[in-house]
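Shared chain: subunit A. Partners: subunit B in the first complex, subunit C in the second.
And then the complex of A and B:
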């Protein structure tokens, strides 16, 4: 039978002075772990939120991102009127051929410039992306060198507020509206008219084509048709799948997060070990008494490991609470897919918090293992004589 | 070998241990019978081997040679886990320094040995209440050890020793840390345990006044009965 958990809990609480430092140490490690992972989750979430399950994204075969893709006008014309593509009330195919390009703009904090994705799209392209909503100003008018900017980008760049003007590719653009991308990849874009974009940025082709399939089966048929048509060296995927695969930017963050957490957790393990060794030292006679009363070595071992885990779990919960105020905070980084500024939010999901606490418990168990073995191996008589 | 009247039968018990390069003989061929229901006072100067003998009888230490049968069980033949179970079921311990767990209340301390039994929660609570009642501390059951006097702490330890209803209670200098009034209370409690509950008690003491509470006194001198 195990020792009562109140015994372990009260031992953690009663030695609060020595355990507090360890709890705070573990809390900081967990906070860093959770926050870095929250960045990665935010990035992934932004990508995975983006697609509409009814849409099919068509890009050049072999391209890893829209910015490196190319769909020629002939290719676009070939697939434009396929019967698998849904039509609007006026009978027009719901298709948008987009141009995606990068421009460099100064940051709002004056710390240099960064690349921004500019999407040239048609009215149909906006219809295909209903999650994007105008929050202030108005949408751009074709031919007037006007753009609409995501609100989140507007907060990060110097000339992206309504009424601001900026120069690129020899033209002066005016910001006429701000939109909300609905926590999707579109939060990292500037939108303008597709034909105007092709003309200004001197593009003979489009970057991608987005179509609305009449049904899920039609979506698969589009994909299969493109795969088998030798004239179309293109790739068609569900828009959801396409964006969920655009998460490689999160990988270095995850690696960095795991590296940081591992390095810091080594320190935390030693802190927990130190605390638990001190605890075993202070309770030698208590351990001897428990052994005399009939508690086995393995019960003592489990008791001290549980105590270490409990101590660390408190640190884990505290670490999650420390990181929580940053939940939803918007930040940005350069995407390794698009080579442009990607805006996303810290997202501390319940699963991430659980992972943080589990991580802390692992630290606690590792830290208490050796002290617990020492406690379990204490000779009974020597323990009883301990002062 | 074990007579029904003798709860403890010891034959040629020897205990040697090393202290650095020196080998110390703590007990030298000790033979002793302790009758059921006896209150034995084990006396002797420091280093005479009385605590060692008590520890061997209680299954906390092992002899170098010889036999120690308690209720017919040769304690030295039990392995570590068997000994732990055996101690829990057969022996009640009382220490000089009380050895209560400081973070547990009086009732929780008394309940500890019962956690290793098959009793359910309500049965355990009932036995704890009865044990605390027996030592006159029912009203202190929710107090932590630091909130009790030395005498009260030792009475809690007595309650913990008898809560599993062991046949044998061993006490190592149980009055060593108490004032004379509290010592009197504790010795009277032990005496009534023998008289009213029929427990066998072995008490190590160097205090002749405490030893006088026993039904028999034996003396150890340099590891031998004198």
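And then the complex of A and C:
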């Protein structure tokens, strides 16, 4: 058993010219597969990263996006002083009622506009989101038409850098700071003062309320209390859970990835078959010799399949390496959940790389199966005679 | 034996290899056509009849901010405006489906005869829609998908407004580029759960294409510096604005297409050199017989060109037949609608195939040109 295996393995290296094209072909297929899936992973990661496990997010029942959610002032007053909500050192409840609205802004390349989420929040709201840190400039001062912008978002829009001014809703805003959302959904937001936002965007009510629960049990109690209170047509969920459900945008990308992988792998299987058939054809005599030496058909079969799998595995590893430089690269698209620009990164996880390599090996095995059967079935005498 | 039969015999003498090469070219070209069609669908939505007379008016802040209903009477007075309707996104979920599967908009029922006149529907349906407040009309694709018929009642849970609404199907329309939408009455929404006094946006019909620029300018000017500034634009510009929101998707699809083409060239070229390398001895014999280099080059080129042409016919043909005669909207559950394979896309794919045939002939031809007859005759493998 050992000899044919080393024979097959060494063949991959010795006939490198004929196998190189196949390996690169498989590598490119794997690279495309991994990169498209990395987009889907990145989108899901930015959603599932978001939130603090101690926080409870309260939105209108039935709303799927914060921008279309509504929490009235009375509803907010009702729950503001609930004992399940934690208090700060001064004894004030740790609660933030936010306003989320979308504004249309020109892209940095001048090609059209896109919706951007603007969150109006209070100082308490910023404390509730420790994932967000200021990287340059300063935070906005209430009442001065100032905003802070996520630095990843700033790179994608024309007037979102510190010092820039932009107009919306009849007002001119100045960007005074850039923050880092720590790869969360907040990377896709512009922040300003809550009351100012309510006045400028003419909102009677808030979009959502974020509270810090005193304990995990209290968090559940808040959810239950809101569920049973008829006066509150609201829904409360842990903040982490709320955001991790916001991933439907990733679905079309996943479908695209799977479609591409299927179509490209069919082409790759044909190509691998071609290489392996040629390889079997060129080695007819060697195979005959192995058979004369006493190696069995199934050993030869296994050897050739292994050769195909190895060839493809090299391609798979190469493909992962090819895709690696894009890891962490920031890109953006419109989210179907929020109807606004969502910034996220290519995320190549170890599991995704494994999937890519497994995918390559499958292509290799499928491509070498028929040629290997042919090699195993070669008649001994005839193959020894062949030139 | 004539030269064409010689070439044909050579191309097909290893039938399995020829078939595999053709299939891999076909698979890649199929993918290329699919990506190009998808890209076109995403970036250039089909133009509907009557688009050249329609103007979209939305809140300048963004599409999601509402407009006050008082704007209507002011817009109606603008010369060149023939008709106007509100157009309000309802965001309803059908039964227990996880997400939204078709869009619903609240409109003025008469708009079906004016602003959206290209939607074909029978007269009784139109009359019911104008007469009954809780009636609605739905596109044929959605009607078929959910097996909804005239007279059926169903309800939708709104994700935008609190609560749900029940509708009765008044008619089923077809003939628009996207026969999926459901249209119902703005007054029904206002009475039930909406925000009376506000609408999502306005759609206008102008009297002639020449009147459009003037109408757009006047509408924008009328509400400048008001509490609800508007942006007015042609239907085309409005659609392109939507596409701009998709961001880097276009670049993504374009780069994938490039990788597909590159992989294709690589694999085809390697197969071609493989089959020529095996025939070095024969080519040397041909050389010894007095065939010129340029003739040998022609043999190789014709063979590689023929293989890639066969792959092109198979791959592009399959895509064309599948997307033209297959029901794409059913296959993708209504995500993609027309999926039209245009002559331009066919031409592009055919060009790629032709270049592929030429490029993959280059390396083997160079090898043949360089070899000496004696060396070629000595080659064993």
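Methods note: the second predicted complex is superposed on the first by the 382 of 387 C-alpha atoms of A that agree within 3 Å, B and C clash if a C-alpha of one lies under 4 Å from a C-alpha of the other, contacts with A are read in each partner's own complex, and residues count from 1 in each chain.
Basically, contacts are C-beta pairs under 8 Å (C-beta built on N, C-alpha and C of every residue); 3 or more make two chains touch, one makes a residue touch a chain.
Quick caveat, the model's predicted, so the values are computed rather than measured.
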item	value
Subunit B versus subunit C as contact partner of A:101, first or second or both or neither	second
Greater residue coverage of subunit A in the superposed arrangement, subunit B or subunit C	C
First (subunit B), second (subunit C), both or neither touched by A:4	first
Touching partner for A:290 - first (subunit B), second (subunit C), both, neither	first
Which of subunit B and subunit C A:78 touches, first, second, both or neither	neither
Set of subunit A residues, in rising order, touched by both subunit B and subunit C	none
Residues of subunit C defined as touching subunit A within the complex	16-17, 20-21, 23-24, 27-28, 30-31, 34, 60-65, 91, 98-99, 157-160, 162-163, 225, 227, 229, 231, 240-241, 243-249, 252, 256, 259-260, 262-264, 266-267, 269-271, 274, 278, 335, 380-381
Contact footprint of subunit C on subunit A as seen in their complex	18, 21-22, 24-25, 28-29, 31-32, 36, 39, 60-65, 67-68, 70, 101-104, 107, 111-115, 156, 168-170, 201-202, 233, 248, 252, 259-260, 263-264, 266-268, 270-271, 273-275, 277-278, 282, 331-334, 336, 339, 341, 387
Residue ranges of subunit A touching subunit B (in the complex, touch as defined)	1, 3-4, 6-7, 10-11, 14, 285-286, 288-297, 380-381, 384
Subunit A contact footprint on subunit B (complex, rising order)	55, 58, 60-61, 80-81, 84-85, 87-89, 93, 95, 97, 99, 101-104, 108, 112-113, 115-116, 160
